[in-house]
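Presented sequentially are two complexes of chain A, the first with chain B as partner and the second with chain C.
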Partner chain A sequence: MQVTTMTFTVEPCNQDTVIVRIGKALDFRNAAEFKSTCQTQVRSGARNFILDFSETGILDSTGLGSIFSLYRQVSPLEGQVVFAAVSRPVQVVVQLTRTYKVFRQFPSVDAAKEALV
Partner chain B sequence: MESVKHRFRDLNNAVDEARDVIAASTTSWIGRGVDSDVIEVAKLVAHEWIANLARHASFGDRAPEILLDVWTEGTTIHCTIEDNSDGFDLDAELALARSELGPAPARGMGLVMVSTFTADLEYAHLDPTHHRVKWSVSTDDNPHLDLFDDPDQDPAE
Partner chain C sequence: MTSDYCILVVEDEHTLRRLLEYRLSKQYEVITAANGEEALERIEERIPDLIISDIMMPRMDGFALQNAVQSQKETSAVPFIFLTAKADEQSRLKGMRTGVDDYITKPFDIEQLLTRVERLLERTKVFRTQLDGKIGQDFSRRLMPKNLPDVEDYRILFQNKPKEHGGGDLFDWIKADDGSYLFTIGDVMGKGLQAKFYAFSFLGYVRSTVHTMLSSTRSPAEIITRVNQMLMDDQVMEETFASLLLMRWEPEENRVTYANAGHCRPLLVGQDGADVVEYSDMILGLDPQAVFTDTAITLPENSALVAYTDGLSEQVLVTEQMAGEEGILAAAQHSFREEDPIDSMLKSILLKSKNPEFGDDILVFWLQRTGLNWFAPFAG
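This part shows the complex of A and B:
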């Protein structure tokens, strides 16, 4: 079942993989909501997270920190966090912080689904 | 070079307004040779500084006021941000943040990003309730903050 929060839409792919559509921004104003949304999904059995950044114009340090929190949560469960359809503003942050070393990137959500599901 | 100035009084919207002010100059700056990714870095740094003010600054009984001034010189973007908060000790906060920063940190990256991604960072206390940060970002720079540079530590731990 698709879940829509104030700023995120979560769409299940299968039992342990979900797509989180980030929307316009992941920053200090909605990072807590992102964490809480993802924690709910982990409690429901999700282990793999495809983060769809196609519409995202803002990713700040607090938003990035919330993604790291998710990564720390799912890594011990053999889960993965991957980035899909990364917009240019997000790509700049990924490059500046060398985040690509940990999070695999895919050109589209479909390509990420193909790799994970 | 002509600068773009904007005054913000609403802390909740200041981050978006600052980004919009910088974005509005994008076309003319690119026409002058400024790289579009450098403009993204400028937007990110302004965002981080203003977000830090919105989240942590004390303004006493004063209505918050932030003044953004941004301009280009060659391929470099220069920016000053003034505010009427009580200010803070940037060097001490940066030293603390850097000392606590491990791989894949959940928090504490904002000021470190500001410091790492800019050149000529200066923070001046003009008077007890008037502070100004100044920085620049340039196409010629290649800054990065490697959050995974400790080969002995698994960032998931």
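This part shows the complex of A and C:
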């Protein structure tokens, strides 16, 4: 079953892993929505998040902050947040903040699924 | 179309209550109560933006309700309109100095009531916006120093344009006993007034850590490591992420030793070119085990170390792309020989921007070694 909110599509892989399609932008306009979308998933048992950035052109510091919050939330539960199909603008932000050390990256959603599921 | 405002109508007479509810609900969200007691229950559930209340009611009358509302901190600012029928009530009302914003005599003209409601809500909104702005400005001022070091053979410039609402940029400096200086530049992530508050608390952390550790260490990385651990352990600061650039400057040696926790990488700008000062470590607040490393650079004559925050690099250009490191690099290079290089940098970025102003806090710090060959072509 797919759940579509205004900008984020969530697609379950298995009991504790979900794919979140980020869409065109994750920034100050929709970061709160991303947060609540993920929170709902965590509450219903999701631990591992595959973030699909294949279409993402904008990731600003507020957007990144909301991903950090998710990471802080799931890491005590042994969960992971991984980045899939990272676009160039997203790569730049991840490089600058040196956060590739905590967010594993995969060339595609399928590759991430294979590693996590 | 209904607005976001919520109005509480308190009236024991059923017909009048329904009439008011009907007319007001065309424009506002309306909740109703038949007496003061009920009204307090409704307020408990949700604080309205305005209260219209009758005076004579069973169980708890309008005066008692108004008193209760006035004495609670959360509700004391809610505009209050009395509906009054009797002359003696009116005279009592005239005697009341605080808390009652208006009163209307029964029988009343509903249009007149609607006009007054509108005016009161408008006034509250203006007041709130101004207050938010004032608090934001106050925090902003406290997040920035009032002056800069004055050192021979060096030119130090700084510009900061905080947004009233949002932005968590911070900047600070301190002179150590050994003659070196420590510069702190950071950015607390997130928008809104809260970012300012967190930036303020965070700067408090950094300041106290710097003060405590400066006597025992010369390493910015050690200080940053400690700040990161404190940030991760603190319950109140939970979910706070911040980038931080800590630079120790020894003017005698023309040396800057820095540790960078995920902050925009500084630039080294000279007459012939500009480069990114590359090494940096992870942003603060994510990993309690994060390791930070010091890097030392020597400033050549006629060169400047330029640090900034992401408001600059995330500025959206006409191309719909963010300015990015490349954009800042070009602007800094282009501005190196200008009388006011920071001003020139900002102008050149704005020229290429989609909007005529910056969308976020702007902060630029310029540390230039002028050296022997430097002359001020624009001075005098």
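Convention: the second predicted complex is superposed on the first by the 117 of 117 C-alpha atoms of A that agree within 3 Å, B and C clash if a C-alpha of one lies under 4 Å from a C-alpha of the other, contacts with A are read in each partner's own complex, and residues count from 1 in each chain.
One rule holds for everything that comes next: a residue touches a chain if its C-beta (ideal position, glycine included) is under 8 Å from a C-beta of that chain, and two chains touch if they have at least 3 such contacts.
Because the structure is a prediction, the values reported are computed rather than measured.
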{"item": "Three-chain arrangement built on chain A, chain B and chain C clash or fit", "value": "clash"}
{"item": "First, second, both or neither for A:R72, with chain B first and chain C second", "value": "both"}
{"item": "Partner chain(s) touched by A:L64 [first = chain B, second = chain C, both, neither]", "value": "both"}
{"item": "Partner chain in contact with A:K101 - chain B first, chain C second, else both or neither", "value": "both"}
{"item": "First (chain B), second (chain C), both or neither touched by A:R88", "value": "first"}
{"item": "Which of chain B and chain C A:F28 touches, first, second, both or neither", "value": "both"}
{"item": "Dominant contact partner of chain A by residue count, chain C or chain B", "value": "B"}
{"item": "Common interface residues of chain A - those touching chain B in one complex and chain C in the other", "value": "28, 57-58, 60-62, 64-65, 68-69, 71-72, 89, 92, 96-99, 101-102"}
{"item": "Residues on chain A engaged by chain B in the complex (per definition of touch)", "value": "27-29, 57-58, 60-62, 64-66, 68-69, 71-72, 75-76, 88-89, 92-93, 95-99, 101-102"}
{"item": "Residue numbers on chain A that touch chain C, as the complex places them", "value": "28, 57-58, 60-62, 64-65, 68-69, 71-72, 89, 92, 96-99, 101-102"}
{"item": "Chain B to chain A touching residues, read off their complex", "value": "15, 19, 36-37, 40-41, 43-44, 47-48, 51, 54-55, 104-110, 113, 117, 143-149, 155-156"}
{"item": "Chain A contact footprint on chain C (complex, rising order)", "value": "187, 189-191, 238-239, 241, 243, 262, 264-265, 280-283, 285-287, 290, 310, 314, 320-322, 324-325"}
